[in-house]
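Letters A, B and C mark the chains in the order given here, with residues in each chain numbered from 1 onward.
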Amino acid sequence: MVWLAAIITLALFSILYKENTAYRLAEHIFIGAASGYLVYTAWSQILKPMWWDKIVQGESYWILALVASSMFYFVFNQKYVWISRLMFGALMGLISGMAFKGFAGYNMDQIHASFKPVIVHGHSFSQSLGQSLSNLLFIFILLTVMAYFFFSFEHKSRVTSLPSRTGRWVLMFAFGAMFGATVMARMSLLIGRMNFLIHDWLPLVRRFFHF
Amino acid sequence: MNLFLNWLEKLQHIDSRILYLLLAVVLAIPLVFNMSLPIPISPAAQGAYDAVEHIPSDKIAIVSVNWSSGTEAENQPQMDALIRHLFLRHKKFAILAFDPQGSKFGEDTAARLSKELGKTYGKDWMDFGFRPIENMVLTMQGMARDLPGTLVSDIHGTPLSAIPMMRGVKDIHDVGLIADITSIGTIQAWIAFIYGPYRTPLVYAPTAVMAPEAFNMLDAGQIKGMLIGMKGAAEYEKLLGRKDFATKATASLSTSHLLIIVMIILGNVGYISSRRRRRE
Amino acid sequence: MPILRHILYFLRPPVTGFLLHPSSPWYLWALGVVADFIIVGGIIFYLLKLIPNRGRKIFIGIVTFLCGAVYAVEFFIPSKAGKDANFLTPLTQQVDMVTTILYAFAVGLGVYSLISFHGKKIAKMRAGWPNSLAFFIAFLALMIAGFWKDAAPSKISANLYDLFFKVGVANPGATMFSIIGFYIISAAYRAFRIRSAEATLMLVAAFIVMLGQVPIGAFLTHQIPNHGVWGFFRFENLSYWILRVPNMAAQRGVSFGVEIGALAMSLRLWLSLERGSFFEQEL
C-alpha cells in the first residue's frame, strides 16, 4: 500500500517539474476513486438505511422521494428543465426560510459582545490599562471597518470618507493575519506529505535496495 | 553591497523549480533529524482542553468530522488528540460526519484509538456515519429536538435504540460538547442552530486558514476553545503529555515560515533595487 | 404526523405497496421500485405537464415560498409552554429526513456529468482517452470494493476497500492540496511586493503572526519575561493579541456586513425576487 501511495504521490508532485502524462493519469485516478467512494457512501450510509430499508419494511410511499429526486435530473433536458427548477426552488426556499433563525442564532451574541467597556478594572494598573486600550482599539476598528463597507451612499464628505479610509487601513491587520494563517495551513499540508515520504516510504526503499 | 544587489536582481528571474527544491530541503531537514522546539500553549487551545475536561459524565460528546483528504495533515492530528482525550477521560462520544471522506477518517481513527486504549464500540463510542452537507442545517435542527428520530441508525445500520450508550439520549440537552473538526465553514451553522438556541458548548478545530475569522466567535463566547491547524494539535498533544506527529512537525513549520519571510524580504529588496536602477 | 402517514399509506404505489412483502428477494424489490417509479413518476410528470407555460414560474414561486414558510413561520411562532416546539415542529423533522434522501440522490448529478464527459472521450477516442479509462477503472474499483465489503464482510474485502481508499482517495487528495505550498514560496518571492504603506502594514502584521504561530518565534523572544508589560512583546503574545484584537475587530465588521447581505439575499430567494440569467430563463 505504501509503495502504491508513494508512486501516486510522486506522480502528482511531478507537475512541479512540468506537465506530464503521469500527473494526468494520477489526477484521473483520484477523481474516479473519489466519485466512486461518494456514490458508495451515499448509498450505504444514507439511501440504504433511510430509504431502501423503509420501502422493504412496508413504507412504500418513500418511492415519492425517488420521484422527487428524479426531477433534479431534468436539468440535462432542454425541454423540461423547468421541472428541475421546481426542486431547486423548493430546496432554496427551505434554506432561505432558515436564514432568520440562523441570523438570530449567530449574530445576537456577537452584537452583545461588541459592546465592550472602555474602562476596565483588572488585577493591576498595567492590565487594566492594556485591556481598556485594547477595547478602545476594538471599537475604533469595528466602526471604521463597518463604515468602509457602507455602500448605500457615496463617501463624499470628510465625515464619511475619513472613517471609510481608516477602515481600509485597519483591514490590513486582518489581511496580514489571514496571509500568515494561510502560509501556515499550506505548509502544514506539505509537511504531512513530506513526512509520509520520509518516514513511511523511504525506509521501505532502503530495505528494498539494501542501504 | 552592489554585488549583493546585482546578484539579487539576477535572482528575480530564478527558475521556480529551484525554489520548490529549496522548500523541500528546508522542510525535510527537521523531519529527518527529528528536531523539535518547545511549544507555548495558547489560551484558545487551553480553552478547548478545559471544555473537554468539563463534559458532564451523564452527557455524550459529538465529534463532527467535516474534512477530507486534502487537509489530512492539519485535521487528522487534531482529531487524534481530541478523541484520545475523550477516551482517556472516559467521556462517551459519537462521530457525525458531513463529509463522506471524513466519515471514513473518523471511523478509522476512533477504531484505532479504541483498540489501543481498550474501549468498546457501542459502550464508549459510536459512529452516526455520513449525512449530506447540503442538508447539514436541517439535520442539526432535527437532532436538536429529536436526536434518535433524526439520525435513526449508526454507520452499520444498527438502530440507535440498540446501542447501549445512546439509551437515554433524546435531544441536544443530552449532549455535553460538540467538537467541530473541519476544513469547511460548518461552525457558523453549529453556532446559529445549536449554540444560539441551546447553549451547547462548542469546540472548534479548523484548518489554520479559517482561524482568523474564528477569533470573532471565541471573543463572543460562542466557542469555548480552538485548535488552530497543526500548531493547535501540537499544543493539545503537549497538554496530553504526548509527542505525536503534530509536535514533531512544528520544527519544519518553523523553518518553512522563516524561509517564506526571507524570500519575501529578498524578493522585495531585489525588486526595489532593480526599480531604482531602471529609474537611473 | 400520523394523518399524513395514513393518507400516504392509503395511496401507496401498486407494486411495492400491494404485490411485494418484506420477505421477497431483493431483486424483486428492485424491479418493484423501478415499476412504481415509472407509474407514480409518470402520473406526476403528466400532471406537471398540464401546467401552462405562463403558470410555471408562478407555480415554482409558490412552492419556493411554501417550503421557506415552513421554517420561517416555525421560527416566529411561539413555542408551547415548557417545550421547545410548536405545531409546525413535527413537520420540520419530517422535512429533514426527506431532504437528506433528496441530497443523497442528487450526488448522481455530478457523477452523471463526469461519466458523460469521460464516456464521450473514450467513445470518440479523443486525446487523453486512456486517462478517462483510468477514471472509470478507479470509479468502479472503489464502488465495487465498497459494495463487496458490505455484501460479504471479510478481512480480504475490508483490506481491499482500505487499499483502494488510501491509494486512490486519501493520498492523492492530500498531495493535490499540498502542491499549493510550493506555489506559495514562488508567489512570496515573485509576487508579494510592498508597493504602498498599506501593503507594508499588512506585511508587518503577517510576519508577526507567522512567527508567533510557530515555536521558532517563541524561541526568538524567550529571553523577554512572560509577565508584566514586557511580556506583550514576546512574539507568541504579540501575535495572539493581533489575532484577538485588531484582526477580530476587522473580521467582525466584515462579518456583520456579510450576514446582513446574506439575510437580504435569503429574503429575495424566498420571495422569488432574485434576478439573473438563471432566474429569468424562459420556462
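Throughout what follows, a contact is a pair of C-beta atoms (placed from the backbone, for glycine too) under 8 Å apart; a residue touches a chain by one contact, two chains touch by 3 or more.
Everything numeric here is computed off the predicted structure, so don't read it as measured data.
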Overall pattern in which the protein chains touch one another (line/ring/star/complete/other): complete
Greatest separation from subunit A - chain, by CA centre: B
Chain with minimal offset from the mean of all protein Cα atoms: A
Subunit B and subunit C: spacing of chain centres that average the CA atoms, whole Å: 18
Approximate Å spacing (C-alpha centroids) for the pair subunit A, subunit C: 9
For subunit A paired with subunit B, centre-to-centre distance based on mean C-alpha positions, whole Å: 13
Set of subunit B residues in contact with two or more other chains: 20, 23, 70-73, 101, 104, 131-132, 134, 138, 141, 197, 208, 211-212, 216, 219, 228, 231, 253, 256-257, 260
Residue numbers of subunit C (touch at least two other chains): 71, 95, 97, 99-100, 104, 106-107, 165, 169-174, 176-178, 181-182, 184, 188, 203, 207, 210, 213-214, 243, 247-248, 251-252, 255
Subunit A residues counted as touching two or more neighbouring chains: 16, 34, 37-38, 41-42, 46, 50, 91, 94-95, 98, 101, 103-104, 106, 110, 174, 177, 181-184, 187, 189-190, 192-193
Complex interface listing, subunit B residues touching subunit C: 12, 14, 16, 19-20, 22-23, 36-40, 42-43, 68-73, 101, 104-105, 131-132, 134-135, 138-139, 141-142, 144-146, 149-150, 197, 208, 211-213, 215-216, 218-219, 228, 231, 250-251, 253-261, 263-264, 266-268, 271
Residues of subunit A that touch subunit B when the two form their complex: 16-17, 34, 37-38, 41-42, 45-46, 48-50, 53, 91, 94-95, 98, 101-106, 108-110, 112-113, 174, 177-178, 181-185, 187-195, 198-199
Subunit C-touching residues of subunit A, taken from the complex the two chains share: 1, 4-5, 8-9, 12-13, 15-16, 24-44, 46-47, 50-51, 55-70, 72-73, 75-76, 81-83, 85-87, 89-101, 103-104, 106-107, 110-111, 114, 126, 130, 134, 137-146, 148-149, 167-177, 179-184, 186-187, 189-190, 192-193, 196
Subunit C to subunit B touching residues, read off their complex: 71, 84-85, 89, 92-93, 95-97, 99-100, 103-104, 106-107, 165, 169-174, 176-178, 181-182, 184-186, 188-190, 192-194, 203, 207, 210-211, 213-219, 236, 240, 243-244, 247-248, 251-252, 255
Touching residues on subunit B, where the partner in the complex is subunit A: 17, 20, 23-24, 27-28, 31-32, 70-74, 76, 100-101, 103-104, 129-132, 134, 137-138, 141, 152-153, 155, 157, 188-189, 191-193, 195-197, 207-212, 216-217, 219-222, 228-231, 245, 248-249, 252-253, 256-257, 260
